[in-house]
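Shared chain: chain A. Partners: chain B in the first complex, chain C in the second.
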Partner chain A sequence: MLEYVLRRLLIGVPLVVGVSIVVFFILHLLPGDPVAAALAGSPATPSVIHRLEAEYGLNRPIWVQYWEFAVHALHGDLGRSYITGQQVTSVIGAQLGATVQLTVAALALTAVIGLCAGVLAAMYKGGPVDHLLRLVSVWGSAMPQFWTGIMLIIVFSFSLHWFPAAGTGGLRYLVLPAVSLALVSVGIVIKIIRNSTLETLSQPYIIALEAKGLSRGAIIVRHVLRNALIPAVTVLGVQVGSLLSGAVIVETVFGRQGIGSLLVQSIEQKDYPLVQGLILFIAAAYVIVNLVVDISYAYVDPRMRVAVDTDGR
Partner chain B sequence: MIHMQRSFARKRGERAPLGQRRAGIALLGLLSSAALLLAACGGSSGSGNSGSASGTKQGGTLTVALASNPDGLDPGVIGTHVAEEVTNQMYAELVSQSPSGTYVPWLATSWSSNANASVWTLNLKHGVKFQDGTPFNAAAVCFNFERALSPTLQSKGAGILLAPMKSCTTSGDYKVTVTFSQGYEPFLNALTTPLLGMASPTAVKKQGSNFNVDPVDGGSGPFEFVKWVQNDQIQLKRWSGYDSPPAGTSHSGAAYLSGITFDIVPETSVRMGSVSSNQYDAAEDMLPSTYTSMKQNSALRTYVVNEAAATYQLAFNTAKAPWNNTQLRQAVRDAIDVPSMLGSIYFGIEHQAWSTIAPNVQYYDSSLANSWKFDQAESNQLLQQLGWTTGSGGYRQKQGTTLTLSLVDVSPDTNSDQEVDTVLQQQLKQVGIKVTITDMTQAQEEAAVAQGNYDIVGITLGLSSPNVLNFLFNSAFVPSPKSFGFDWAQVDNAQLDQLLAQGQATTSDSTLTSIYNSIQQMIAKNVWTIPLYVPAYTFVTQSSVHGIGFEYAGYPDFYSTWMS
Partner chain C sequence: MTATDLAEQAEWARTDEERSARSRHSVTPSVWASGVFLFLVIFAAAFPGLVSPGDPLVLHPTEVLKGPAAGHLLGTDAFGRSVLALLVYGARPALVVGVLCAVLGAVAGSSMGITAGFFGKIADQSIMRFNDVLMCFPGILLALLVSAALGGASLENEIIAVAVGTVPMYARVARGETMKVRRMLYVDAAMIAGLPRRRIIMRHVVPNILAPLVVIATLAVGVSIVTAASLSFLGLGPVGGVPDWGQLLAQGETNISVAWWISTFPGIAITLVVVATNLIGDWLRDRLEIRS
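So, the complex of A and B:
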């Protein structure tokens, strides 16, 4: 198991490096000058511009710029933001918590609601509960998040005054954004869990268990749910990715801090160091999350445990 | 063949077996508990609208929703309008400008210059302190000016305003002499902007490069910095030691409010709805379509402040055929129905502009008002005369080329510019001109402009001095891949350059009036740009918020604000 984990981590390193190279060169090759972007709205004389270009190191060859970035990154220094002058690591660190909060909350909602609703829909297949939940599933996965976000704000904040419309803070500030973010994933998870539950229910051993005299409730809790969890783990792992990208929209609509809206802002402002740092961070996060998902397979599905231990793959 | 699902499939009307029902109820219970838990986390949302209990004017924290995140809080570094809105409360300036444009003493009691405005002398107010107790004096002023020009500071605003400065010398504690490499009349106006707000040298040195995000104790204005949570919130609190408002202010001493909290809420509908539902005391940047209903809402107060700045204008790429032809540009101007465009997009917030600078900017030429009008017939006639005849598809052609105007703009949209583009496209189609619209990021737009890949582009500059025309029309600022500048109309006119230079090198009121009148009329005659509207800053507050002031350039000023 340990060997498996280490091998996966080792493969992750060239992946992250590759991503950082691609992003670096794309950023520099795209039209637009970060100095002009930083000066946006302020008239500047050529001498001011040349000075800023030298400060940012933009007048050196591109591979030299990348090499310097890589060397500094290995020492934990991701450079300074062109816009505020702050250290990139501290900018990301300050905003990361809010995104983690949001993503974890949305993931928890997705897991609980998606799982329960998916199993319920399968159990009562063909009935009104099933139809309702499938409707919710389609609707949730189809509606754009900026629309559902604003609708939630209008109903639960402006009209009912239950939650604040914008801002980052405690639990109260988290509810509407987490629901808005989770809706798409919930829709997808309900559908997948419903299908996998139905498939499980059609297995011969279920009939065998009934014949043995096990109650319906015990069958569902002890056998069906465990098997339904396996695709759930895959789905949730993939959903982390889409939750992170959805966070960009949700953070903007709800005026929340976070690395999603920070990434969009820094791309628009051509704040190279900040974009590089964020992409590096997000790529690393993906690698780790995928690894965790794969490892958790082994605990959820005993068949995987054997496979992992015997040939380390 | 056994149907494996028989146990769980039910015929209509048949109840589920007991065990299944129990499991189902358990799952439903789990779902409902989750929902209840979410609901319990809610509750009535508080508002920052807390006036003092005894009903006096003192106290309360004003909560303001801003549309974007400032790029810093160090006046020497910042370049964005939103940053200036916040620093305007934290730092005092040397001179103030009243809404009518008159210069009023603030931390400088008087000033003078030599004949060609290349040497300025400032006399400073005695007995003023910074928020950390450091005395305000001539050395502090020169410190602030010199640091803006230092290469390590990466100044995006102050450094540009002070670019021609050669030296700053002190004579005793209260006299400063600033020498420029050329005549620089705009210096006086520059002194009134938040970009030249006075920061405490002690605090700046202590914080070093962190001062831009953590300017603790560094201010000189009515409010002091408490905390900045990036992308989320900026907190200021009243500074009890403030006692130097601009001359003529109705009260002195500390501000009434005990604090201000600025929240960043980028989504306009959420920002506006939050004020309507009493979650914020104030918010900036209204949606034009909600202006009328907000104006009529007696629980709210709306403010529309015409900014003293360059007007929003469409700049032609006059270096590129066929738009290097003055009459062709005039034909375009005649084909635009500006009042109907503004009415349908801005609902009365933005007013038509007749010059390249707003009416409240000094030396505005009011004779330009109504100097042209919407005249489709005239436009068609001109186009016909120039040889552009109506071709297939309804667009005019000449020697096989369709008359095309390629417009570049920035996405995401600011101030409904994209709607202006769409209306322009429709209106010009009526006279057979094809407008192609390409939306791109700001950085891409600047690259396109630098390479000349455009025929027309919208532009405005937020400088309140008539010297803004220098940045917009001086040939030294023609954009190119090697040098970024704001002369997006690509104007290269020696006579204009000379007039602009003369406008910087004198302080005589009558001379300046005649110079700037000539400049504005030359620009209008040549139709290098088409002015569309005067930019307006919009602000909405609860009706319990009183005493909001607005600077000449359009920034809110909360020194005299109080909440009932």
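So, the complex of A and C:
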């Protein structure tokens, strides 16, 4: 078991390094002049340009620049914003809370609704519930997220006045964005859980339990759920990534604070250190979440536990 | 949200009746509807003048922000332009971007996968590790990164950014299929006969792995359209000229309290196109008997 965990960790580290390389090189090799952005219109004599280039280390070979970046990053220094001069890490830290709030809320919604609906859809397969959920699933994920957000605002904010249209704050400000964010993920979770439940229900041991006389309720609770929900952990883990990337859109639409709207803002302002730090952060977070999911999967699925312990493959 | 996810979603949407019809490769009503709808959209994209009630750039300053009515079926925007006309003229950029990105991504991603699968060993390891890294960027993050690096604000940049985001979808599948074909006897025969490897790849590998890649590409059209619309919505798309659907939606958002129609209809249009391409892609997969 420990060997498995360590091996997964070992795979994770090069991935994060790889991500940092990709982010750094894409931003630095593609056209787009950071010095011009930093100057932002103020007069640029050659000496000023040279000084800025030296300050940002842009006059050294790209590999050296990357190395400096990586070393600093490991010490928690992701550079300074071109616009405000603040440390990137503190800017991210300040905005992170709102996004975590949103993502957790959306994940909770996805988990609760997705899991219940998936199991129900499988249990009453072919029934109206099943059909309704499949419609939600297919159409929900085809609708662009920024559009569902706007539609929700139109209906629930301007027409019904149930929820505020924009802003960050307490629970009221969280509902619409969380729903909008969760819509796509719910569809996927429903589908996967439904399939998993159907598969579990078709297992011979279920028939054996029924023949044994166990009540339907007990079968569901004690046997079906436990097995059908095994993929839940993996699916939800993958959805975290989807939710994080969706937060970029949703936070913009709802005018919420958070690293998503921060990312959009920093791209518009061509604040490259901040863009770099944010994308690196989000991707790294995704890798870590997947890592945790993989490791916990070994605990959740007893078959994995046995396989892992017996030969560690 | 990958293309394969979307494919499986559409798969589930089949009723049992449709499933048995599908097993006989017949075309279900929803696939027919999708085909007809897409044909109409393509027609509107090719000949917007014939479909649209007017020139989208014509301003009607006296009718700014009016709702759907007899004169303007889908209302007007903040500049007095007819939303319906804007929608029709927006079909071309949407489809062009979708198809172009799907094709570009397919070429790039498949090349990666084919190289990895055919040459194996170091090429395989390095390319697939790279692909793994690309897959660490969830959702539109990769497209955002490329867009930011390129400086946004143009159609070419948007297309490149979206295409890069779709590359991982193809690489893995292309690699798997290539490895299957590589083992075939005729490939060995060709190599023994002295055929240059590039010729072998083009002549033998590519035609045989084309089918699943075409399916992915079809689904990627939908994904690309949404991603491109998202980028446009965030202001990272083309500037000036006729607004595309994403920009229309952005404008609608600023006017959200007074003009719900500006955002609603482009969103419906995007959703319908995506659903239609998904259904067609799903049908194609059944038709070509692909097990992914």
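Operating definition for what follows: the second predicted complex is superposed on the first by the 274 of 313 C-alpha atoms of A that agree within 3 Å, B and C clash if a C-alpha of one lies under 4 Å from a C-alpha of the other, contacts with A are read in each partner's own complex, and residues count from 1 in each chain.
The definition used in the following text is that a contact is a pair of C-beta atoms (placed from the backbone, for glycine too) under 8 Å apart; a residue touches a chain by one contact, two chains touch by 3 or more.
Keep in mind that this is a model prediction, so the values were computed, not measured.
**Q** Check the residue A:134 against both partner chains and state whether it touches chain B (first), chain C (second), both, or neither.
**A** Touch partner of A:134: chain C, not chain B.
**Q** So in the superposed three-chain picture, is A:165 touching just chain B, just chain C, both, or none of them (first/second/both/neither)?
**A** both
**Q** When both complexes are superposed, which of chain B and chain C contacts more residues belonging to chain A?
**A** B
**Q** May I ask you to decide whether A:15 touches chain B, chain C, both, or neither, giving the answer as first, second, both or neither?
**A** So A:15 only meets chain C here.
**Q** First (chain B), second (chain C), both or neither: which does A:154 touch?
**A** both
**Q** First (chain B), second (chain C), both or neither: which does A:252 touch?
**A** Touch status of A:252: both partners.
**Q** Look at A:78 in the shared chain and tell me whether it touches chain B only, chain C only, both, or neither; answer first, second, both or neither.
**A** neither
**Q** Give one of first, second, both or neither to describe whether A:221 is in contact with chain B, with chain C, with both, or with none.
**A** Only chain B is touched by A:221; chain C is not.
**Q** Which of the two partners, first being chain B and second being chain C, lies in contact with A:279: first, second, both, or neither?
**A** second
**Q** Does the superposition put A:181 against chain B (first), chain C (second), both, or neither?
**A** So A:181 meets neither chain B nor chain C here.
**Q** Could you tell me which stretches of chain A are touched by chain B in one complex and by chain C in the other?
**A** Shared contact residues on chain A: 30-32, 126, 150, 153-154, 158, 165, 252-253, 267-268, 270.
**Q** Which residues of chain B touch chain A in their complex?
**A** Touching chain A from chain B are residues 2, 4-5, 7-10, 16-24, 26-28, 30-31, 34, 38-39, 41-45, 65, 69, 71-72, 77, 79-81, 151-152, 154-157, 159-160, 163, 209-210, 212-213, 229-233, 263-267, 269-271, 273-274, 276-277, 279, 441-444, 446-448, 450, 461-463, 468, 471, 476-477, 483-486.
**Q** Which residues of chain A touch chain C in their complex?
**A** Residue list for chain A touching chain C: 14-15, 18-19, 21-23, 26-27, 29-32, 126, 134-135, 137-139, 141-148, 150-151, 153-154, 158, 165, 184, 187-188, 191, 194-195, 241-242, 244-246, 248-249, 252-253, 263-264, 267-268, 270, 272, 275, 279, 282-283, 286-287.
**Q** Considering only the defined contacts, which chain C positions touch chain A in the complex?
**A** Per the touch definition, chain C meets chain A at residues 1, 5-6, 8-10, 12-13, 16, 129-130, 132-134, 136-141, 144-152, 222, 226, 229-230, 233-236, 249, 252-253, 256-257, 260, 263-264, 266-267, 270-271, 274-275, 278.
**Q** Taking the complex as given, what residues does chain A use to touch chain B?
**A** Where chain A meets chain B, its residues are 30-49, 51-52, 54-55, 83-86, 91, 94-95, 98, 109, 112-113, 116-117, 119-120, 123-127, 150, 153-154, 156-159, 161-168, 171-172, 174-175, 179, 198, 201-204, 206-207, 210, 215-221, 252-258, 261-262, 265, 267-270.
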